[in-house]
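Chain lettering (A, B, C and D) follows the sequence in which the chains are written, and residue indices restart at 1 in each chain.
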Amino acid sequence: MKKIAVLTSGGDAPGMNAALRAVVRTATYYGMEVYGAKRGFDGLIQGDIYKMKSYSVSNIISLGGTILKTARSVDFHAQEGRDKAYEQLQSRGIEGLIVIGGDGSMMASDRFSKAYDFPIIGIPGTINNDLYGTDFTIGFDTAVNTALDAIDKIRDTANSHDRIFFVEVMGRDAGYIAIQTGIGGGAELVMVPETETSIQDVISTLQAGWDRAKSASIVVTAEGNAEGSAIDIAQKVKSHINNKDIKITTLGHIQRGGSPSAFDRILSSRLGLNAVEALRSGKKGVMIGIIKDEVVYTPLDIAVNTPKPLNDELVRMVEILNS
Amino acid sequence: MKKIAVLTSGGDAPGMNAALRAVVRTATYYGMEVYGAKRGFDGLIQGDIYKMKSYSVSNIISLGGTILKTARSVDFHAQEGRDKAYEQLQSRGIEGLIVIGGDGSMMASDRFSKAYDFPIIGIPGTINNDLYGTDFTIGFDTAVNTALDAIDKIRDTANSHDRIFFVEVMGRDAGYIAIQTGIGGGAELVMVPETETSIQDVISTLQAGWDRAKSASIVVTAEGNAEGSAIDIAQKVKSHINNKDIKITTLGHIQRGGSPSAFDRILSSRLGLNAVEALRSGKKGVMIGIIKDEVVYTPLDIAVNTPKPLNDELVRMVEILNS
Amino acid sequence: MKKIAVLTSGGDAPGMNAALRAVVRTATYYGMEVYGAKRGFDGLIQGDIYKMKSYSVSNIISLGGTILKTARSVDFHAQEGRDKAYEQLQSRGIEGLIVIGGDGSMMASDRFSKAYDFPIIGIPGTINNDLYGTDFTIGFDTAVNTALDAIDKIRDTANSHDRIFFVEVMGRDAGYIAIQTGIGGGAELVMVPETETSIQDVISTLQAGWDRAKSASIVVTAEGNAEGSAIDIAQKVKSHINNKDIKITTLGHIQRGGSPSAFDRILSSRLGLNAVEALRSGKKGVMIGIIKDEVVYTPLDIAVNTPKPLNDELVRMVEILNS
Amino acid sequence: MKKIAVLTSGGDAPGMNAALRAVVRTATYYGMEVYGAKRGFDGLIQGDIYKMKSYSVSNIISLGGTILKTARSVDFHAQEGRDKAYEQLQSRGIEGLIVIGGDGSMMASDRFSKAYDFPIIGIPGTINNDLYGTDFTIGFDTAVNTALDAIDKIRDTANSHDRIFFVEVMGRDAGYIAIQTGIGGGAELVMVPETETSIQDVISTLQAGWDRAKSASIVVTAEGNAEGSAIDIAQKVKSHINNKDIKITTLGHIQRGGSPSAFDRILSSRLGLNAVEALRSGKKGVMIGIIKDEVVYTPLDIAVNTPKPLNDELVRMVEILNS
């Protein structure tokens, strides 16, 4: 394989640039040409593709976001769009593609890879950590540290005012960010989509804390909860404990940005390096991941469609340590 | 003066602990006894008052929040509450009081100081910087740095996705946090309560940016804007530019917490030290502040009731540098 | 087991407080009494031991250092000291001990545990990550992030001045901090004790960079290198390339402190929780660790005496990505 | 004035990019052309000069270092070098120059401005804050915050081990960084070049702390102290108190880098904006500064040659609050 392309797709995640850098540097190391497509599959379709050199990725390992830009492509959902994308690759003699993105991007890659029998390696890049086939996705560790830093700040105010805070973190349908942030922040309760927590449970936990003279409490809620957003949950709880000072914070987009943590830089570098070697060795239609410190490959459709359960140990930790 | 008390009141602000430390250490330095009341005026009323020593404030200079805790006292608004507070002070032989807080706390201090002819020095502690009689209030610089750090993170995502972000910062009726965060974050537009910005202005500014091929934009809005919250404003703007990717973030309570910046630690230390010396020299019923690097004293009611205009230079900077 | 003790020993590491909190909370959860000894084995010998409750460890999860304080005990090396320590435990009816510390502390624990047949569980707490029997030690991830933050700052200056920087990081005889910091910081070269790097190698790598018009370079060196400290190495290199602007920075003790990262808080919490359960289940004389996401137990002497090699993958990453 | 140039010179400082951005944007706002010279006066001499547009400075406000790069020019010290620089300016029709740098750069600017009667405005950019004619120089606030963050981390270890730390900060012959870091970090003692502190003073202060059962101490020393470096001072102190655990840390180059603080971004933006307006209004041979929140202009030679004393209030604060 002499020419490959790389793109970032879907929501941005800290570490995407580090992965991109690793792809470009590794391809260069092996004497391959490497092309970057701008704005995900949209740029691929439109031919917004440029040759990248080793120096194109200098000093980007510490940057959040993605210098290639990213998008959720609508056109790529249509046959016509995918045909054009294929032509763009063909016309440049590009033989393999590396897609850095989340589950939507892996799904699109799967379809494309199969339809055109085109070698694609997916790199899991999403703060949500909701892809099967890897212990951690790119951006997750940074997002957790950002959310944790926010919780630490909120704890200052909660303690000073003897308040209850409901803090909503990102994660879509997955509770990974919530549970790790909750453990790390010593949250009195964590509500995740993977396990059922009723409003009554919330009230009981808070009540138990006050009975032990705990004056301030933080409840971390994942955005995908059955009981709704932090605002919804706080509203339902409020009516039962109306003499308490309750505040709500939705951490929002700060969780997506920022310079990647050491963990994310190293994870991204390792995935990027091995993704190029995977293409070289003839792998295709798989997502690269790291499970128990080993590089592994999972068919793209399985990576997307297999549920990834929360580690029970984490759930147990909240119960024993924080309540 | 041999015995004084100190309390923190109203919303917490980073640097309150540094000010408290300075009060305790300075009083100790001058051989005075110093008492801390918990939870603002509530603790004063209830006699939740304890003697503080130099070591009581060890290692708190770097902590957000307030170790004395704080509250917005309802009881202190009633004559009965204030009478009790006065008795608590009298019964302990306390001759002066230092109140660290925002405008509500300064107002309450003014009333109390006048009614009982009791020496009180106010120290301006609020992230909003909305008190006349000081260039900066305690916590403001830290809040701006926290908001700026958030804007930097959001910029990563805005650039990666070519998005428009509306970011709401705190500040109540004042635009100080918004304007400084906006300048520091290179926001394309800043909406503050002090100057009128119509929805049409917002649209024009954004449009002008796109005409110059600016793909991502950040609009910082203060919470006290006439046009409403960031959500309201984005809603109004959206209908005019419906083909654009718009996101909204309300930074919320993270702006109140965190370890104080160097600026806030030094400001707080200086105000705390001088507040004790002011009590010793017979000052009363004034808020201490620093204007153009000089320690100044402003009658409490004037500090609260005089409007504090935004520096025109700052407004000009947004226009020339960021648009 | 009804009564246990816990202490922190050796050099402090961020996350020790989180581990301590987990030990206290888990013991409390199981209805056990838990005692904390101050200043490591010294406090144990001197009977500086106090009962800890759930609230004793409130809000310490985010704190660097250790609230129990720590020390490298000289007295514990003597039979007399160990006898006294044993008496202190016996007299209080304490049946098990948890020691949070590095290799010296694990060695001392091993000797004590065997001599008195006393149940001890070791928890690996050291920024150096140099203990066999766990993928990561407490404090390592935080130290790497701190060092990385420093490298990012130094990169600003290196790039602005087209300079070469030699940056020495901690790690004693292990190159873990160096290699991870080097990868994450995009260092042009990393020198670790585990592999030989001659001065000629350094010069060649730097020269190769300049030949490719790379103007700024960062060399990360571990403190345990055969060629000496960063100062020594820079001196040797300097004479060969005397027309270049060379600077040296020894990061020093900032790497030991600071609020623990999310990773370290969760690792510490998990180890602390499981250590108590290990004592309850009758384990003794072992160090707890996590290998490939599984909790494992390694006899204390083996944990200390078995070399822990650097992951080859990491060495490969520096070569391919950074040169 | 239709064409101006800008350069950064001397040691880099966080905020230089923000100042550069303000210069370029303001010049553009007024319809002027603006040229950037690379690597300080060296680039000017060599004609390494390029036209800058508004977008040339997009997203640089948050970056440490300087995108124009910087250097301490040797050639500019010679008449020949300065002649060449003048020719480069003349040949491009450049009518004014803005120099962002420290005292060496201001001195060189003064000589050049006078010799060729060429309009130059200096912008004080140095972390040392050692220029007369401005309350604060660009980069100072960021450097203090970086040093303070380091002190906070070191405090964790100092407290955990009951240690004495000698921490050396930058500042050349000025004690500004030391005194502010010392106050903010609650250092038990601060040694600055502006006031004499004998080794005996150090010992007495430390001794007084131990007498009050203070177990850990931090001494902040400025690099320009008469008693030498932190290593020298610690060595001298050590012999008098040999039973104490003493550690030394030289913070070094981390103090120069990093994303600028809010304060530095706003200061830099304001100085850059006003510097362009100063050129337009016919000012020349002056350094722009801000004193007591007013923009002021000081002849370049006076800015360099007038001593800038430490604020007595700061010295007093260390004495009363930290000892």
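In this section, a contact is a pair of C-beta atoms (placed from the backbone, for glycine too) under 8 Å apart; a residue touches a chain by one contact, two chains touch by 3 or more.
Chain-to-protein mapping (UniProt): A, B, C, D = ATP-dependent 6-phosphofructokinase.
Remember, predicted model here, so these are calculated numbers, not experimental data.
Visitor: Hop distance check: chain B to chain C, minimum number of steps through touching chains?
Guide: Shortest path length, in steps: 2.
Visitor: Please indicate which chain is farthest from chain C, where distance is taken between mean Cα coordinates of the chains.
Guide: Between chain C and every other chain, the largest centroid distance is to B.
Visitor: Using the average of all C-alpha atoms in each chain as its centre, how far is it in Å between chain C and chain D?
Guide: From the centre of chain C to the centre of chain D is 35 Å.
Visitor: Quick check: how many Å separate the C-alpha centres of chain A and chain C?
Guide: 28
Visitor: On a C-alpha centroid basis, what's the spacing between chain A and chain D, in Å?
Guide: For chain A versus chain D, the centre distance works out to 39 Å.
Visitor: Hey, what residues on chain D touch two or more of the other chains?
Guide: 152, 155, 159 - these are the residues of chain D that touch more than one other chain.
Visitor: If every chain is a node and each touching pair gets an edge, what shape is that graph: line, ring, star, complete or other?
Guide: Contact pattern: a closed ring, each chain touching exactly two others.
Visitor: For each chain, which other chains does it touch, given as pairs?
Guide: By the stated definition, chains touch in these pairs: A-B, A-C, B-D, C-D.
Visitor: Touching chain A in the complex: which residues of chain B?
Guide: Chain B reaches chain A through residues 8, 12, 14, 39, 63-66, 69-71, 146, 150, 152-157, 159-162, 165, 247, 249-254, 256-258.
Visitor: Provide the residue numbers of chain D that touch chain B in the complex, in ascending order.
Guide: 21-22, 25-26, 29, 54-55, 59, 61-62, 135, 141, 144-145, 148, 152, 155, 159, 180-181, 183-186, 212-213, 259, 261-263, 265-266, 269-270, 273, 292-293, 311, 313-314, 316-317, 320-322
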